Every structure is written in C-alpha cells, then in structure tokens.
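Each of the next two complexes has chain A plus one other chain: chain B in the first, chain C in the second.
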Partner chain A sequence: MSFGSPPLQPPNRPVVKALNCPQCGAAITLRALGRSVSVVCDSCHAILDANDPHLQVLQKFEEITSSDRPLIRLGSRGKIRGAEFEVVGFQRRSLEADGIRYHWHEYVLFNPYKGFRYLTEFQGHWNDLAICKEQPIVDPRISTPLGANYLGENYEHFQTADAETEFVLGEFPWEVRVGEQARISDYIHPPRVLSKEKTGGEITWSIGEYIQGRDIWNSFRLPGDPPEAVGVYENQPSPVGANVKAIWIAFGVFALGLLVLVVGFDTTAKRQSVFQQGYEVSPGPQVGEPSFVTDTFELSGRTSNVEVTTYARVTNNWIYLNYALINQDTGQAWDFGREVSYYYGYDSDGSWSEGSQRDTVIVPTVPPGRYYLRIEPEVDALHPRIGYSVGVTRDVPVAGFYGIGFLALLIPPVLLTWRSMSFERSRWSESDHPPAPIFNTGSD
Partner chain B sequence: MSRPASNCPNCGAPVLFQWSSSVQTVCTYCKSILIRTDVDLTKVGIVADLPPDSSPIQLNTEGVYRNRSFVVIGRILYEYEQGCWNEWNLVFNDGKSGWLSDAQAEYAVSFPADIPNLPAESQLQAGNQFSWNGDLYSLSVLTKAHYRGVEGELPFPYWDKSDIQFADFRTPSRKFATLDFSDAEPALYLGELVEFDDLKLKNLRQFEGWS
Partner chain C sequence: MFRKLYFLFGVLVLGTVAFAQYRGWSLDSMNELKHVPKSVRDNPGSYRSVYSSYHHYTGGK
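Here is the complex of A and B:
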C-alpha cells in the first residue's frame, strides 16, 4: 500500500561526523551519531557529551593513567546473529573476589537499524549480549531459590559482585565514567547468561550467549588467533553436557539388548548332560602312571561350549586334576587344570571355611564330535582316600560373559558423567556457591 | 480512505491528508502547523528545524504489526537526557491509528487505551504497580522530556509543549505501558516492545555505508 506523495526534499543522510575534542583538539569520530550518549577522545581520553554539538567535557584526566588495546579495533564490522554491527565502544571493567581483582573487556556494537549489542571477553571466553526486552522475574516461588526466570526458563544465581569501570574508549549509549560502580548479578543457564546491572537506582537486565572466540575472529575477519580460553567460564556450555543424557539412553538400549541376548541364550541353551562318572584316589604312595582316559561321549549340535564339573569329597585337603578334552577323530585337545580344595575350622571369630568341594569350568567353542577326557589327578603325599566325580554338560548358558559385556558398556557413560560432573565443579568453584570438596583434605 | 485537499492558509501550497482522522498536519513547504477544523485549516504555529535525527524510520515508512500493515504519517520528537526519541504516528490499513516509538533503537508499538481513574502525576514513584486490562504493570522509570517538534499528521492537536512527564511501565512479558502527562488529563498507551526485523519495515532511511 502507498499513501500520498513522497517527501518533497530528500531526507538528510547522516554520515560519520567529524568533530574536534574541546580538551585537546584531536579529531573525534562519532560512529553512532544521535544514538551515543558519551564519546571518549582517542587522544586525551576525556569523556565527552555526544549529544552536545560542542562535545562538552564530562570527565577529564590529568594524565592518561590507564591504557588498554581492544582486541577488536573500533570501527571494525562483523556479523552477529545475522546482522552487521560496528564496534563503537570499548571498556575495561574489573571486580574483586576473594581478594583477587579480575579484569574483563566489553565492546559496544552498533547498527543504525538494530541499535546496540555488546560483546564481553574474559580470559578468552566471549559472550554476546543484548538488553532484555522482557523483564526477568526474580521470585523464589517461580524459579530456583536465589535464581531468576526469563521467558519461562530458570537461571541459577552464579555470582554477585561490584564492578568498576577502569578504562573507556569510543562511544557509549549511556553516560559512561571511569570509576563508575555497578553491582552485577549473573544468573546462568548455559550457554546463556542473564545479567543484572544496578547503577545508582537504575537496573538493567541483559541476556547473553556464550560464543566461541574463533567465531568472532571469523565474523570480524581478525588476523591471527583468538586468545586461548582459560579455565571454565560461568556460562560456557559443557563439552559433554548434552551427551550425558544421550549416552545413558544409549547405554539403556544396549543393556536391554544384552538382557534379551542373555535371556535368549539361556532359554535356548540345551544343558545336555553327556557324561558322568565317579572315581577314587587311594591313599598311600602312587603306583605307575596316574593318568587314565574316560569312555567316549557325543557332543552334538552346533559348535558351542562344554561345562566340566568336578565334585571332590575333600575336607581340609585338596586335589588337583589335569584335564584334556580330546576329539577322538581329529585328536584336537583342550588342556586345563582344576584344583578342588575345601578347608574349614574354628577360631576366635567363630567358624570359617575356604574353597568348595565343587568346581566348574567352561570350555568355549567346542565343535560337535566324539570326545573323551584324559584325567591326571595329583594329590598330597599324605592324602586320605578321595572320591571324586567328573561331569560333562554340553551347551550351558554363560552369564559371566554378559556381565563383563555389561561392565564394558558401563565404561563410556560413567566416564562421560564423571567428565561432566568435574566440568560443572570447575564452573561452580568460581561462583558464589562453590561445591563442597569431594575429598576432605583438612586435618580435622 | 478520503483525502480532502486543501490549501495552506499561510503559503497557499496544497495540503493533502493521508488519513481522514488527522487533526493536525505540517505544511511541507512553509512548516506551518495546521489544525483542521470543520471548514478549513488554521495555522497555529511553525515548526522549528528539527535536530539531526538518527532514527531509521521516516514519514511514509511502511511495515506490518500483527498481520496489519501500516504507514508512518507523522511524528512527535522528544528530547531527554539520553538524547532524542520519536513517537511515530501510524495509520493501519483498517483506518485505526497507533504509535511506533523509537528510543535508542528500542522499538515499541502502542495504542491509546481508554481506561478510567488513571493515577495523577504526583502519585507516582518507581515500583508502583497497576492492573490494566488484566496485566500487572510496574513503573520502571519516570522520564522528564522536552518537546522538540512535530512532523506530518497527528490524530490530535499537539504543538508548542514544554517539559512533559512520562511514566514507563514494564511487565514480565513484552507488554509495556506509558502514561503521558502532556495534557491536564493523563493519557495511557498500552503496547509491546517489538523486534525491528518483525516489523518488516520498507521505505526506511538510508545510512551511508549501511544496508
């Protein structure tokens, strides 16, 4: 739709305006003309009133006491969230926590249509912030205790500290002053941060999101590499955070699969007893070759396992059996030795026992065929008469194997959970609510 | 939409109204402020040159708000401690009128609300809460502004004001309210903060080096 005639005279086209500093005479560039409230002289660092055509001095300094170089030069342009912005202002601020003074940098970004945005940088950690359009709710009935709610999402209180402006360059949409104090409270919902800034009686809320230094370097086409991020920042997204839930779900799926396999093999296992025979070792010194072979037995069906069960009537004694499971046709042999020992007694703690009269062993992947066992018992020289029996069962279910599989499956989610927890501990250790130490290192 | 044509009583130039309900306009040639009466146009004053402006919005800027298209037909310019802000007079394609304010590139659309028993200026202080149309509004800031000038068409006569008290109210949502104490009776405007991109504005002002 169109109404009426276009304006008769072309509208004035605002451009970057050249002015001079009333303090030192240096040229002043106003990049956000009509929007900036303060502008800082590049040369003498006097803070000037950007709304005053004569750039009245708001704050001046006897000498330049502080200096800092922005990592992104004033006047640089880059795309943030799809729109181009120009860096028009820069300030260094600091706060004191536990006796240590921390410094960070803030960049004022401007677009004549979209207005102002901010970038903050602390030890290589970057955030992109804008003033909240909706008012956050600080109400313990709605959010977590001490937390805040913004657009229906809960933010946890991280830190409240008094910040001081130490150094400024360029333009600001407020009356900036070096030495200006503000009380800042940060609430986090990584990767977002909700920041409340109280200056005098005025409260400003802004909402920010963690952004990789590399993305800023690409967006503003900056040379070299961004400064390396040190430590864990308050709203830095956990590198494993979202994966922890996913990996536990995956674990659940695999564990269930494993369970189905166990149940499946258990119900389909034949448990076929193919051999059972009793023997005896006489007391006294042994005579001749002690080994002997059993009758042959048939192992049928597909290649599967064989369970050899030894039951020996040993009491406070032992017997050692050298076994060989031998295929009658191919001569293929599986050698293994089993000790059966059982001891018991009484001492000051009461009765005790050790070992068992029963022993089982699984020989895996045995092909079908006719087999026999060669058995060679070894016993103590002063042994009594020992009776023992040997049983062979074809195709038994093996739960232990699946237990190992289950434990192996547990390793990745446990490791990831541990990594996630230690990341969150590093994050919160810098907050007003540090986690309790895991290990008590105190002397008490 | 009617477009009654008249002539400026000061310079004789033709005066076109884009909106039939406009009460005031400014002659584009001689900058006379003209009030429309039943029969003719009366010159009531003259607009001083407006200060350089940074708003990307201008007369004839078109946009969309809640699926209704609008065009900017006039504005009131105010000055406060943080600079200038504009209240752009919108006329929608259904003939209704509203306002688009642009303060430090924060945009908001509002409409006059007909609510009785509005608080008096002297009663107000930050933190006061009022319930209007079912929403709870908290007074966030009291602003003393200077009237700087007008442009284009307005739905009421408005010129030559001095200091004006405004009270801005916020809610947990994007809804906001403004109490305007320009006249003896306070006027309430209810509206919401909007994203620049959502307004799909066309015929914007051009800024050198920006697109």
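Here is the complex of A and C:
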C-alpha cells in the first residue's frame, strides 16, 4: 500500500469526453478533460484548444509526410511507480548537434490523482520524467561547476541544445505547437537526469530516471520486444559503476589477507638446513663416471617442499648439475638440472654482468623420509678448477605464489575499472564536454 | 552478483596460495619418478637424468 495514494476507495476513472474536430469532423476523445490544454486530432492532426468547448483550432497540421507512430498506443495504461497512468499524448522532437539531427519521442501520461508525467525514448533508451517540485539550484558555489543541485544532489551539465517539436498526437498540458522551439539543458546524475527547458520566457525543470524498455513493455503489457538500446545514453546507469568502489575495497581486504599469509608462513616456515657439502671439479678432461651420490639426510615433519641451493665459484664460466633427489626407502625421485653461470666484462656501454654464482630450486611436496642426492656435474671442456657447494633446506616459503595471488586478485578490479571508464567515455563523448582522446592520432 | 563472484574468487585465490604454501608446491619444473632402483646408491652411473646433455650457454655478452 502506498502512503501517497487515497486509501479505501477505488480511484475514479478519468473524465472522458467525446467531441468532434472542427477541422475535419472526426471524433475526438478527451482523456484528461479539464487538465489538458491542447488536443491533437487523430485524423487531420490539427491542434485544438482543449479548454474551448468548441475545440478552437490552434494550429493546422499541413506536413502530411511528417507523421509518426507511437510505440505505446494512446489510451494504453500501465503502472509507473505504483500508480496507473494512461498515455494521452505523444510528440516527436529533434535537436541538431554537430550537424546531425537527432530525434526522440515523448509520451504524455496522465493519472487523475498524480497528474501528468512523461516517458521519453531515444534509440531504445527510456526515461520516466516528472515536473520538479522545487526549483533546482544552478550555482557553482553549491553544485559542481557548470552543474545543478536538486534536493541536495549534484548534477553535472551534459548538453545544451535547441529542440524542435516535429509531430504531435493526443493531449498535452500545455499549448503544444508543431515547430515550437525550446532550449534544453540536461544535467545528469545517473540514473537521474535533470532537464531544463526554456520556451520563450518560460522555464520548466523536470526530473527523470532511466528506465529499462523491458519494464515499460511489461508495465503497459505491450506485445513484442522493446526497441534495442543503441549506444550509451546520457543518464544510463553504468552496468559496473556501482561495483568499482566495492571491488577495490574487497581487493584491499584480500591484499591484506595475502599479507597475513606472507607473515604467517614466513614466521612458521621451518627453513631447516638438512644438508650442506662442498665439491670440486678438477680441470682437464673428465675421467671415469662423473656422477656421485651424497650422504643421506633426514627430511622430517609433514609433506613440504625442499630447497636445493647451489653456489659455484664460476667466473666467465658455467657449470651444469644434473640433480636427482631420491628417497632411499621408496625410490621416489625428483629429477632436475640446474645451470650456474656468471659472466662479466666491459664494452663501449661500460661494465656488464650476466648470471649469478648462486642458484636455488624448490622441489615440491616431498614426503618425510631419508633422502640423498645424485649429482652429475657437466662443465666446459676447457674449464678451470670449479668449486661448488650444495645445500638442502626443508620447508621454505615460495614468494612467487604471493605474487601470482596478488596479480590474480588485481585483474578483476583493473578490468572492471577499465570497463567502467570506457562506459563513461562513451557517455561523455556525446556531451558538450567530451573527454580528451587517450591516444593523440594527430601529427605535430 | 559480480561482488559475490569476486568474493568467491578472492577466497579461492587466498585458499590456493595458503594450500600451495602449506603443501610445499613449487613453480620450478622437474620430473618426478616413482621407483628409482636402490642400486643407484651404489652405482650412480646406472641412472641417467632426463636433463643430461642439456645445451648449455657458452658465452657472455
């Protein structure tokens, strides 16, 4: 139950009166008798004075080719914001911007208790409008620059243009005229739009809200589908805009969670050094089997990783080590090869260096048990004596996972922000304040 | 809807990172073998690494 509606009694039907057009004699139905100021003959499209008992002709409609068919038939009824309205009037208007003429449709709705309100349609985008109850404030000190403030809410100026009425049908609460000029300024705060319309010396402010065509079709029980919306409309709500701030807040929370994991695993990781041994490769050609095995060492605790660190004293040289970490009891093994190389020098760009004398590798998910390493070094044929050491550490945190997690968490907010910005760019590109191009394609 | 999806996604990411750290996953590539003969301990040459004969880098800049 709506608090704004009269309770406990059925609403009166709007007063309807049947008259004849003084221009062509066709029957005319006045649906909002006493409230309409002008009415248009369905047959000859003459505009008549609805307040005159004899329906005096206000304007003869001669541009027979300039006809239009409303998508919502006059007399259709539907619920808008909980109240039933009847479509009593229809007009097509247009404005010119950048040499292109844009047309839109306006429907006059009437409810005997609520009065008039309007539906506008432009390329499948619909707005539900009503006359403002208060005068909006257009003051840069209160609202945004070039904007307006209505009921405490700031609206940004979107566009100002001269509109012309091209075609009318039905009843209107003002003296409508084909060819009538009006200067329209739109201010937006999606999904709302504040529209200022100046006709002669009269200024009318209306407040509107974007409404989906499907909702109108359902409300008026119209057959078929509403026209597909083309492009982005001035006050069309961004499909992702409301989510951007929330998702960045969520990202912050998750990043904090990731930090907790970093601290948690860093402080609880055992980092248990279980093996450390130094070796040497003699210079000259290798004689006999180069591979050997280390002493066994114990990997204790739960299944976890193992870090194998190689430090080799290589200078402008390399050593390659074929490793196998082998469980002495089960025969389970992890086979991997690591190259340690380090080069440096000077050239025309200055000093340079490449590689490192230290290498680490993480062996994943190694169950507890007794293990040894099989090591098979490979070196250059003309190598000098190369000393190297091998260390094994149990249970070390892997920083790369944090980085991958951080990037994974970052991708959705970045994509959403980019999508939101693209949407807003599309919106404002149609305004009097188009955004600067991202890429300057002009030549200097 | 999107917020819920992101919430689930975030929980999944944090859960995966935590599980990976706990289980000791690695980003390094290696070959796992199930049954290496015990004789390798006494005769290391009887085992041949799949990574042997790797083509090495042989010079600096």
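By our rule, the second predicted complex is superposed on the first by the 426 of 444 C-alpha atoms of A that agree within 3 Å, B and C clash if a C-alpha of one lies under 4 Å from a C-alpha of the other, contacts with A are read in each partner's own complex, and residues count from 1 in each chain.
Basically, a residue touches a chain if its C-beta (ideal position, glycine included) is under 8 Å from a C-beta of that chain, and two chains touch if they have at least 3 such contacts.
These numbers come from a predicted model, not from an experiment.
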| item | value |
| --- | --- |
| Touching partner for A:361 - first (chain B), second (chain C), both, neither | second |
| Touched partner set for A:115, first chain B, second chain C, both or neither | first |
| Chain B versus chain C as contact partner of A:51, first or second or both or neither | first |
| Chain B versus chain C as contact partner of A:134, first or second or both or neither | first |
| Which of chain B and chain C A:332 touches, first, second, both or neither | second |
| Partner touching more residues of chain A, whether chain B or chain C | C |
| Which superposed partner A:428 touches (first chain B, second chain C, both, neither) | neither |
| Which of chain B and chain C A:279 touches, first, second, both or neither | neither |
| Touch list for chain C against partner chain A, complex | 2-3, 6-7, 9-10, 13-14, 16-18, 20-38, 40-41, 44-45, 47, 49-52, 54, 56-61 |
| Chain C partner contacts - residues on chain A that touch it in the complex | 240, 243, 246-247, 250-251, 253-254, 257-258, 261, 265, 289, 291-293, 303-306, 316, 318, 320, 322-324, 326, 328, 330-337, 339, 341, 343-345, 347, 352, 354, 361-366, 372, 374, 376, 378, 380, 395, 397-398, 400-402, 404-405, 408-409, 412-413, 416 |
| Chain A residues within the chain B interface of the complex | 1-8, 11-16, 32-35, 37, 51, 84, 111-116, 131, 133-137, 173-174, 201-202 |
| Parts of chain B lying in touch with chain A, wherever the complex brings them together | 3, 16, 18-19, 28-29, 52-56, 58-60, 62, 69, 71, 73, 82-84, 91, 93, 104-106, 126, 138, 140-141, 170-174, 193, 195-196, 204-210 |
